[in-house]
Amino acid sequence: MERSLSRILLIILSLSLILPLLMILMWSVTVSWPFPEIFPRELGLRGLRTIFQPGSRALDSLITSIRISVFVTILTLAITIPGGKALGLYEFPGKGFIKIIVLAPLIVSPVAIGMGIHGTFIRLGLTNTELGVILIHIVPVIPYGIRIFTNIFELVGDQLEEQGKVLGAGSFQTFMHITLPTIMPGIISAGSMIFIISFSQYFLTFLIGGGSVQTFPLLMVPYIQSGDRMMAASYSLVFIVVALLALLGIEKMLRLYYSKNSGIAGVFYTKNSD
Amino acid sequence: EEEETLDLETMTWEEILEEAEGSEVRFYGWGGDQAINDWMNGFVAEQMMEKYDITLEWVPMNIDEILNKLQGEKQAAARGTADMIWINGENFFTAKSNDLLYGPFTEMLPNFNNYVNSEDVEVKYDFGYPTEGYEAPFGKTQFVMIYDQEQTPNPPTNHEALLSYAKAHPGEITFPAPPDFTGSVFVRNIIYDIVGHEQFLDMEAEKEVVREAIAPAMEYFKELKPYLWREGETYPATLAQLENMYADGEVRMVMAYNSNLVSQRISSGMFPETSTSVIFDKGTVGNGHFIGVPFNSYNRVGALVVINEILSPEVQASKYNPDNWGDLPVLDNDKLREEDREIFERVELGEGALPQDVLLENRLPEVPAPLVPIIDQIWMENLLD
Amino acid sequence: MFQLKKSSIKPYIYLLPVMSILIFVFTLGLGISILQSLGYHPGIGLYEVTLDYYREVFQSAGFFSGLIFSLRVSMISTVIAAVIGVSLAYLLVMQKKDYRGLQALLKLPIIVPHLVAAFLIFTLFSQSGMIARLGVLLGIIEESRDFPALIFDSQGIGIILAYVWKGTPFIFLIVYQVLRSIEQDMVEAARNLGARGSDVFFWIFLPLSLPSVFSTFIILFAFSFGSYEIPFLLGPTTPRALPVLAYIEYTNPDWTNRPYAMAMNMVLAGISVMLVWLYHWVFKRYQHHRKGR
Amino acid sequence: MKEVLLQNINKFYDGEETIKNLTLKVEKGEMISLLGPSGCGKTTTLKIIAGLVEADQGKIFIDGKSMDHLPTQKRGAVIVFQDHRLFPHMTVGANIEFGLRMKRVPKSIRRKKVQEMLQFVGLEKQGGKFPGQISGGQKQRVAIARGLIVDPAVLLLDEPFSNLDQRLKEEMRSFIVDIQRKLKITTILVTHDKEDALITSSKIGVMFDGELKQYGTPEELYEAPNSLAVARFFGEINEIPYKTIDDGKIHTAIGIYEKDGRLAELEETDKLLLRPEAIFLSKEDDGSGNTIRSEIGNSVLGKVNHRTFAGEKTYYEVDIDSLRIRGSVIGKGAFQTGESVFVHAAKESLIVCK
Amino acid sequence: MKEVLLQNINKFYDGEETIKNLTLKVEKGEMISLLGPSGCGKTTTLKIIAGLVEADQGKIFIDGKSMDHLPTQKRGAVIVFQDHRLFPHMTVGANIEFGLRMKRVPKSIRRKKVQEMLQFVGLEKQGGKFPGQISGGQKQRVAIARGLIVDPAVLLLDEPFSNLDQRLKEEMRSFIVDIQRKLKITTILVTHDKEDALITSSKIGVMFDGELKQYGTPEELYEAPNSLAVARFFGEINEIPYKTIDDGKIHTAIGIYEKDGRLAELEETDKLLLRPEAIFLSKEDDGSGNTIRSEIGNSVLGKVNHRTFAGEKTYYEVDIDSLRIRGSVIGKGAFQTGESVFVHAAKESLIVCK
């Protein structure tokens, strides 16, 4: 009984979070929908057609967006996993200070940061390049990565890593075979956050990409700021669906990797023992 | 780059055309309108490709962000990515006073010389600020208010009528609070309607002076406040939200600094078909919008060619067509050849929009740019506690 | 919980890449921002270093009401998001199945950009929004004006709704992964010693996930306290949230106003740092307290 | 003080039958042991009783009440887990206190009890440490203390002494037995140490492969195992080949015995077993003319093949013709490898096994 | 085959000295045991050797090379942990295979070796299961197999048999000893079971409270413990009060002994100890006129206070005047509580302890 009650509660809470999204779906095909009607008065496909029409930049920019965000995710994971490990497993002078410092990208407004870095990026020849955009996207996602991995490492400890080393695994091997699989839940949640935040980045993309790197939000945001709800919703819809698919795809790949490092061995031994 | 700058001034138009051939031009500007985006990416880009083998890249971007980017590039003395920017008003003032624009260049454009009246105040001045050839006219708009004729058969055409209309329908009129761009224009229109517009054209940008000049208008707003939506305690944050509220029937009036907005919204189905534009009897503020060339444009020759083409009757007429955009043309009727004039006459105006001549007759000039923030400030101090 | 390792050099090496990026960002971003807030901005012809801008920021009318508004709104929304998010994670972890589909769907609000979230909340909760329409349909209200003002209201309810909607799944996602990695063994042991469902939650799940809850809380709070999009689009005209004030100053085409915007940003950042530090301090003491019992 | 009854329990893991038709009754206040080789299903049985694992078939009653669908926390059966399962985020003290907290025992009482427990398990100094900071044996002691403190109605101990040294284990064992007797806690002890089982329990069950092979008093199991496997389980054992010849006597490799007393009902299919400690060795010729061993019954001659010193005793492998038997001798033992010895066993120590 | 040398190792945890000036040398290819009560620092010592814990002072040499700052994976010292530490995301098979994979052993060889290991530890059927799905003893076996498979240069076993039943433990023990001998792996076994230590090791070290109290051969430790604590550690022991009177004889509670042989150097401060198994009991009057016990030296009369049956043997508590001693008797023992018995001990079994 306790369980069914909690299931009902779970469903209600989840639905109240998910259902609002129906509004985006509806508005993406709604021409007019005056008060107090419950269903749109007139439907149309202008928004979606604009996005998918031949020669539309939307599709190209989606690919650019995904490419950038995937790189950002990989790079950020690569630097925040060791960082989180240091904060999660070690005691050292300055730790408390660093824990606050890593939040800086959230605390200092991205406008201030972006403007500050713009000049340096120009001098380094990174503006108007995808590389520059990727690098700048790393900044706002650092807090998410570091924080999540710090917590995960605090939780899992390093006993299994020790075991790996004892069995002769070098640092890299230990990382690949033991650390990665044990922190996989953290990688999935941090990776999702990083991907999402990078994927929806607007201001920094524009500032550093200078308009030559056209991501999807660059096209989408002006519509969202305008009163054209159909265009705004259509772009949002495509954005959300693509981001979700990309996320699930990445997650699936990670899980596949994860099971490859354990499951296949399992199959093999089960078979042989019969 | 330096060379090019030097060359440009001495080059003939033919040489410029030749130089520009096969190049790429990047045009940055507001991208929140599907029709405009389509027109830019479609008609204009195709024209450029066909006529000059120029690839025109339309980059949707807000002007304040563009200026920030230019400013950063200027400090680092870097080459830019934008060749043309869509600009006007205060932003032009900021750009020009910070040396972010290349110019003067308008005199180099054959179409400017041929079709544009360079002595027209709306070409010479932008928000009271002299353009000095640093930006070429692009189009014109005028502030309008939009009502649903079915709901409001006799829309108010002056501030007093507006007040009694608000009293008759309390809570159904509102506007985005300044310093929102459109809300700010609305406030200036009311001010013009109450205290006239002439005094502002050469008014000192001094808060006390302005405060005194607009005091009656502030009284008016205070009187209006209780009859506004939510009793004037709060205002929509953006024009977009006001548009949505109007579309959903929550308020009775919406406004636009775009005389053609109504026909676009009607044709896209957002606004009721009975929506119509209204201006005050004493007229409403109008302004022009322009195209500038960033100081660090990489392809100035290309930019000049494109701007020149935009000033051609074909492009201007196409832009005037509400199916494309509906923006008022900037060419001088008197300078046009007969056949060109006909192109304009053939353009069919959209639903609910006022014809060009009605607008032009009731067109008031903008206040000088420096006054705008001062007025906004005073309004806020008076009406937001 | 376990012995933290003491090592002189390793943690610094691990932190080197990420810290070098942060320090790079810091010296440049923050340094330049501070200079600009002090009125030094050669790019727009300002050279005089002065504290006037700060003084004016502190003296300006909207500042304190904006500060309090910002604090209140971000605090309330983060607390609500944390409570619902943690409950959701707990409810899900207690189920036998793991509802993969539901999990994927719950990621959606995280994906939705803040601007779109504002749009959504607007279409749902404005006086002519979906909820109001349902109210009319059910005969609870007659016209849009009868619907309570949730958007642009002086309590910031619309902002809170938007942040809760965005923040809850975020907390859920992180905490759920943590809860799932807590071994079922621990739960069995607790139940075996007489723990009821709520005991398991308060004594096992909550403490073990608390560091994560706390971290996500801080992230959400710092974010909502410092960003302008949602309060700008859904907030009242007065009082305006602090970041909105800064944003409005920033977008002022008159660039000589820039130092105000920067000064406000710096004040905002300063307050944020103080709050985060305070949180850390409290949390540490709390943990200490538990350890030392 | 509650009675525990398992009726025809079956449990499958991945399609494999892990518990096979298990029926087991533990009387009120009784302490029994479950023995069996690794992986035979002991832990699973405890988990089924405690309600942590659901049986696929069968019924469980505690004090006559069916436990169907009763959640763990309401059964009052506390397991001390083999793998400790200490809460990593709580100190040793808080771990021990946990059960009392769940019972909403007032703080002052809790404190007192925890102090007592800490003292008893010898961890006064470790009360403030976290599980990650204490040694293996200390963890085990915390686990025991955590289970005992709640005065459970049914106590399920899963190898609670495996990480303790002899002395400590004996202390803990007698402490648990004391408490158990005093409070009459119905207790099931899972252990791999036959001594634990024999010393503490009024009954012992031996499981193999999910089946309860024998259930009885320690003496019964030790002296009358119903299978070779059970007998083996109580320590190494020698199987003694024999023949029953018409003379009514039993001819074994270590001597000839009358077919009476214990051996009266020996059937041909039965096995004859002999524990190492029941084998007496004496020197063929010890020089001093001492004849201690030879006085006891008949004996045969064998040859020492291997000798292993194990402190308290010494193991000998002795070859008697082709038969190799193992005997143990208290102390160091005086025999050398290669030496000839007399091997002898008393009739009473012969075990007949079906 | 490597020599392990610890020199003056110190280790502090939270300001408490956990390892105190430990010096220990293990010869190439030797197998030694570390014994000691729970929490005395055995595991910590192993971790220091493997490089998982850094000593605060002192040096470690493996094969003469200083291990300072050499990371764990380069030391070639493999620990089999007390708490198993199986990789939860790998199957049993993959866990065992892990070390070979790290060494880049070709797949075909890996497969073969893993199969062999699985078979040896009796887990052929469990190869595909995950650690969460196997029993405690099975986990322990996986941990052993995983450590053994890599042929480590130095093998550190931390209570590897604690969860195994007697039979399995003996099997595993002899398997490990065989491998150890064959490959001459320098091995340190931490155990709480004195039998394990005595049987497998050429030397035994006994630790108390972080200190190595005695280090020597099994016989030395068993027969000549250098402290009561060490003696106690090898099983229960009776302390026998005595007086040396002028007659040159030693008058103890269980008889009078000549002061020669082992007792020659007994000093007044020394203790006289006697293990339970060295105590012989005989009936005051067994009816049959049998005089087996009384033949051995002198004896005193005592009264059986308590009897505990432990299978293989039976413990008796016997009161001799105010002294209570514990004796053990092989088999069931014929004495009843309350009965009077003769108590006797051979002089050779008396232990002198400083």
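As written, the chain order gives the labels A, B, C, D and E, with residue 1 at the start of each chain.
Convention: contacts are C-beta pairs under 8 Å (C-beta built on N, C-alpha and C of every residue); 3 or more make two chains touch, one makes a residue touch a chain.
Nothing here was measured: the structure is a model prediction, and the numbers come from that model.
Taking the definition of touch as given, a chain qualifies here only if it contacts subunit C and subunit E alike; those chains are A, D. A comparison of C-alpha centroids places A closest to the centre of the full protein.
Farthest chain from subunit E, judged by C-alpha centroids: B.
Put simply, the C-alpha centre of subunit A and that of subunit B have 38 angstrom between them. Chain centres here are Cα averages; for subunit D and subunit E they lie 20 Å apart. In terms of their C-alpha centroids, the spacing between subunit B and subunit C amounts to 37 Å.
Look at where the CA atoms of subunit A average out and do the same for subunit D: the two points lie 56 Å apart. Among all residues of subunit C, those that touch two or more other chains are 1-3, 123, 128, 144, 208. Contacts with at least two other chains are made by residues 35, 115, 119, 157, 159, 225, 229 of subunit A. Residue positions 83, 132-133 of subunit D each touch two or more of the other chains.
If you check the complex, the residues on subunit C that touch subunit B are 42-45, 122-123, 126-128, 144-145, 149, 152-154, 232-238, 248, 251-255, 257. Those residues of subunit A lying in contact with subunit C across their complex are 2-3, 6-7, 9-10, 13-14, 17-18, 20-21, 23-24, 27, 35-38, 78-80, 82-83, 85-87, 89-92, 95-96, 98-109, 111-117, 119-120, 138-139, 142-144, 146-148, 150-152, 154-159, 185-186, 188-189, 192-193, 196, 199-200, 202, 217, 220-221, 224-225, 229, 232-233, 236, 239-240, 243-244, 247-248.
Taken together, the subunit D residues at the contact with subunit E in this complex read 13-14, 35-39, 42-44, 82-83, 122, 126, 133-141, 158-159, 162-170, 192-195, 198-199, 218-219, 222, 232-236, 275, 277-278, 292, 295, 308-313, 330-331, 349. Contact residues of subunit C toward subunit D in the complex are 1-3, 185-186, 188-196, 199, 203-204, 207-208, 290-293.
If you check the complex, the residues on subunit A that touch subunit B are 31-35, 42, 44, 46-47, 50, 55, 57, 115, 118-119, 122-123, 127-128, 203, 206-207, 210-212, 214, 218-219, 222-223, 225-231.
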